[in-house]
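The following pair of complexes shares a single chain, subunit A, combined with subunit B in the former and subunit C in the latter.
Showing the complex of A and B:
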């Protein structure tokens, strides 16, 4: 009975924590879907988002969630700049070259954050009453649920729903999806693909700000923490289907639930292995992932 | 066609042979020479190379180690130098990578031509680093590569100035088992990274506590690259263990503490192999000093008030250079400083930078004085003279609590009070 209860607890924890990873991965999948580039720097941008939340909290005592009203627009502008300065000049072999360019961006961000005069290499963590005080959780049905996980899951759902409407219910969304399906054809029918790409990259980076805030509430991080993150984010978008927002959310939840349950039932050492074994099986059946590109674009 | 192929192949072989000969010549001319015997009148600085982690998992410790090495070098340089020559540190970053650390020592030895090598941070990085140093005949004196697996590879050149890692939690086990039977916790939960620094400590403590009658309620090993610690913490909580022994670094212990607070789980004793020893960084990571109350951490023989050779001077120099309070000083600083102290005494004893002689000296059974206490190496390079202590956070200070004879030891706080 206690074992079943623990497993149920991990299913709930996995679903809630999945929201955090969905936030972090959604920008990655959106950027790939529209621009056909793999933003290896997304992990570093997430960490940068965490640092921005930290700055606002430490220096101006701004609540973590309210701070997103500042950090997300700021990161959006940064995304526009990165796209203009580093991505747009790539005219050939965009997918391959983008890996190198965005990795360089990750190194620049890591190096800048790690300077003695900025943050150095200290681990930092985000705090709030709903994160780590003794009142940071509530009980329901015998399960103790942390407020922060609930808040982040709600934020994640709201942002992804908003993004869904932007992509599928607005004029900009039509242009965006046209660019996703065929950049050349979209240009021929009058879509300003470069503008769409820039805005998409900006949105993807802005989502990293929210993801960074959420990540920073669960784990202490430093400028080098993006290395562990990016591999997990890539796995999420591959499982969910590269380019699919719905896929990012579902894959995040699937990954976290499988890993968390395996961890408590068996051992944490096998948690990732079991997930990857399942990933291989799913990809054998559905090489395009759960909500692969074709299906994702028909939504 | 075939003839052309063989002609190209022959050219390739000739080219390879030529490159090999050139490399051989370079090495014979000193490319792989381990240190030097001082020549009269040589006033050039002594170069000491080390690879440290300024990013990745060990970045906090890497920074503290750099401070320790630098403080020692500053002290030596302001007191006449080593063998009458100034000491110059050549420190490069390895990003906590086992590949990069090997590349770094190759570069330090072959390109930078350092005279001596000091170790990196962690058992994980010391293992590959010491192999490179051994290949070129260099002694590697280090302060944070104390995992048992470092000393079972038959290397003669590795010397750890700190307490052997596996013994770090012995003092904690002794303390728990020394409690009156009515107070002694009956169960313990163990969770450790699959890291050669943390796991041997936890396994030794588990063995001792089980022998003493403390039942294991949960034992978990998790990958070092884990980013979601909730399920591991949840399993500890579900076990209801009275004592939690965590084989962690700062990120994982702070995540465990957050989860314990959220789930209202408060063990009678909580100890982590690393993290609580990182002063203000630990306090910031867990959200303030009240949350740190009664949390324990093992100590390899150093604390700011310790009455050991050079300690007061080192603490004073640290505060002058980096500010803060004495309690902010990481024990990593002392480990690194001790490396320098041992190197200084051994080199002075032999009057030479010849690494072959230095290795013999360090194996000679001589005892060296450091800020961590006495150092004496056994045949594998482990320090047999080191003494383990147990520390606990009390009212915002990290204080010695066991053994009771330690300088400044205070009464242990047990059981741990509830989370704030």
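Showing the complex of A and C:
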């Protein structure tokens, strides 16, 4: 009985923390859907977001969640700049080259954060009263729920609901979805696809900032953590189906639940591997992922 | 109007160009040039024998071989694989484990294991390639990256085989190789690695050259240009892609094996290194994707830059920044790579020269033979000068 309770507790934790990955992955999958590029730099941008929150908190004593009001717009602007400077000039073979360009951006971010004069390569962790004080969790029906997990879950829910309204209920959302469905046709009916792309990239990066703050409260990180992050994010968006927001949400939660449960019933060492193995099995059956469409011929 | 060199005796440069136009002379020059390059490659470590230089040279050749192998798949089919560090790592672990299990002593013997390590890497590439090649474009790239992370995790976690993060060590190369030649120890130590790396590079280059000039290579290029049309025309795209993938993994695996023996020990983060994935892709892109000389040129430029910059820059952060910036510069400014860009410039320059010669030939047709006129016509028309 205790076993079941333990597993159930891990499932709940997995669902709560799955929201963090849902934030980062929805940015990634949104960018993919609209621009047809994969932002390998998303992991590094998440880490950058974590460091920005860290700076605000350590130097200006701004609360982590309040700090997002500053870091998210900042990262939005950074996203606009990256899109304008490095993605838009790619004319030929955009799909492939963009992967390499964003990888290069990830390396630059990693290098900059890892300099001896900035942060170095030591692990840091974000702190707040709701993260590390001794009574930073409450018990309900025998389940232990840390406050931070709940706060982060509320944050992700709020941001993802906002994203939902933006994509499905606003004029910009119509343009965005039109660009997703058919770039050329959207351009023909008067959608400024370049503007939509830039803003989408900005939103994706801003979501990475929020994800970075949330990630930093639950996990210690260093500038090199982005490899681990991007590998998980890529797996999430393939599993969910590239370009599908719903798929990204479901896959994030599934991944976290599987990892948490595996680490309890088996060993933490194999937690990630189980998820990767699941990915391979699913791809054998459904190469397009859970909610994705098959890649057809592109003109 | 253009400058017309009418009535002026052809300069030496003109004569050389005219000579190079001659097809037989062209192939002679080509073969001669390749021979000279080969002799330079063979003699290099004899001339510059200090260990620092030969160290860099060995690594440059290894990376050149890996990039050439990678290019056989990614350059020809247009599928950018970013997970070839998997095969590098498998090759590394294969040679270490084989040497351990069979008690291979240090010396020349471990080199005999290198082809075997390559075959093991190729065997790993069959299932991975099969799964990844069920998808296309981005999903393919992402799955290759995912296989890389899976294998890195495996190297950490399968402790009874890989010894986890403690790593494995290889037999020490015996240090008395130089005795027979009366050479000081340090000057001889890198030589066997150098020549083995050169041999792998030549093998990879020969394979790439053969594929490039075969019907099989043509099918791969057709896949790159339009896979569905190639399939419609009867190209067996699935098996063809997989064969190219496995071949490239074979070469990368051999490189991994030699690299492991050269370094003497292997650890999961260095055997399965994300930077290796990007490095060989960058070499390919920098030199020119799908060309034979491009990846080699990229490696020869990039590896010494890498090695010397790690010596100069004490902070590894600067190294990453420089690497990323170089990558951005190459892709944004030289998207086609060095070799295709140079070729284009050469053709342009030749076209501009033939235009100069063309006007006198039009006035006095007796100047020059038939072939010259034919050569001159092409570019002239393209530029619209004659029309």
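Observations, loosely collected:
Keep in mind that, in the parts below, the second predicted complex is superposed on the first by the 284 of 299 C-alpha atoms of A that agree within 3 Å, B and C clash if a C-alpha of one lies under 4 Å from a C-alpha of the other, contacts with A are read in each partner's own complex, and residues count from 1 in each chain.
Here is the rule we use: contacts are C-beta pairs under 8 Å (C-beta built on N, C-alpha and C of every residue); 3 or more make two chains touch, one makes a residue touch a chain.
Just so it is clear, the model here is predicted, and its values are computed rather than measured.
Aligning the shared subunit A places subunit B and subunit C in steric conflict.
In the superposition on chain A, A:10 makes contact with subunit B only, not with subunit C. In the overlay built on the shared chain, the residue A:97 is in contact with subunit C alone; subunit B does not reach it. Of the two partner chains placed by the overlay, subunit B and subunit C both lie in contact with A:272.
In the superposed pair of complexes, A:227 makes contact with subunit B and with subunit C alike. Contact with both subunit B and subunit C is seen for A:110 once the two complexes are overlaid on the shared chain. By the document's definition of touching, neither partner reaches A:188: not subunit B, not subunit C.
Once chain A of one complex is fitted onto chain A of the other, the partner contacts of A:263 are limited to subunit B, with no touch recorded for subunit C. By the document's definition of touching, of the two partners only subunit B reaches A:219; subunit C does not. In the superposed pair of complexes, A:140 makes contact with neither subunit B nor subunit C.
Within subunit A, the residues touched by subunit B in the first complex and by subunit C in the second are 110, 114, 223, 227, 269, 272. For subunit A in complex with subunit C, the touching residues are 32, 36-38, 86, 89-90, 92-93, 95-97, 99-101, 103-108, 110-116, 118, 223, 227, 231, 234-235, 237-238, 242, 269-270, 272-273, 276-277, 279-280, 283-284, 287-289, 295, 297-298. Subunit C contributes residues 78, 80, 82, 131, 134-139, 141-143, 145-146, 149-150, 153-154, 157, 228, 274, 278, 281-282, 285, 315-325, 327-328, 331-332, 335 to its touches with subunit A in the complex.
The touching residues of subunit B, counted against subunit A in their complex, run 54-57, 59-60, 62-63, 95-96, 194, 220-223, 225-232, 234-235, 238, 250-251, 254-255, 257-258, 261-264, 281, 284-287, 291, 418-420. Contacts from subunit A toward subunit B in the complex involve residues 2, 5-6, 9-10, 13, 17, 110, 114, 120-125, 127, 131-134, 136-137, 144, 146, 218-224, 227-229, 232, 256, 259-261, 263-264, 267-269, 271-272.
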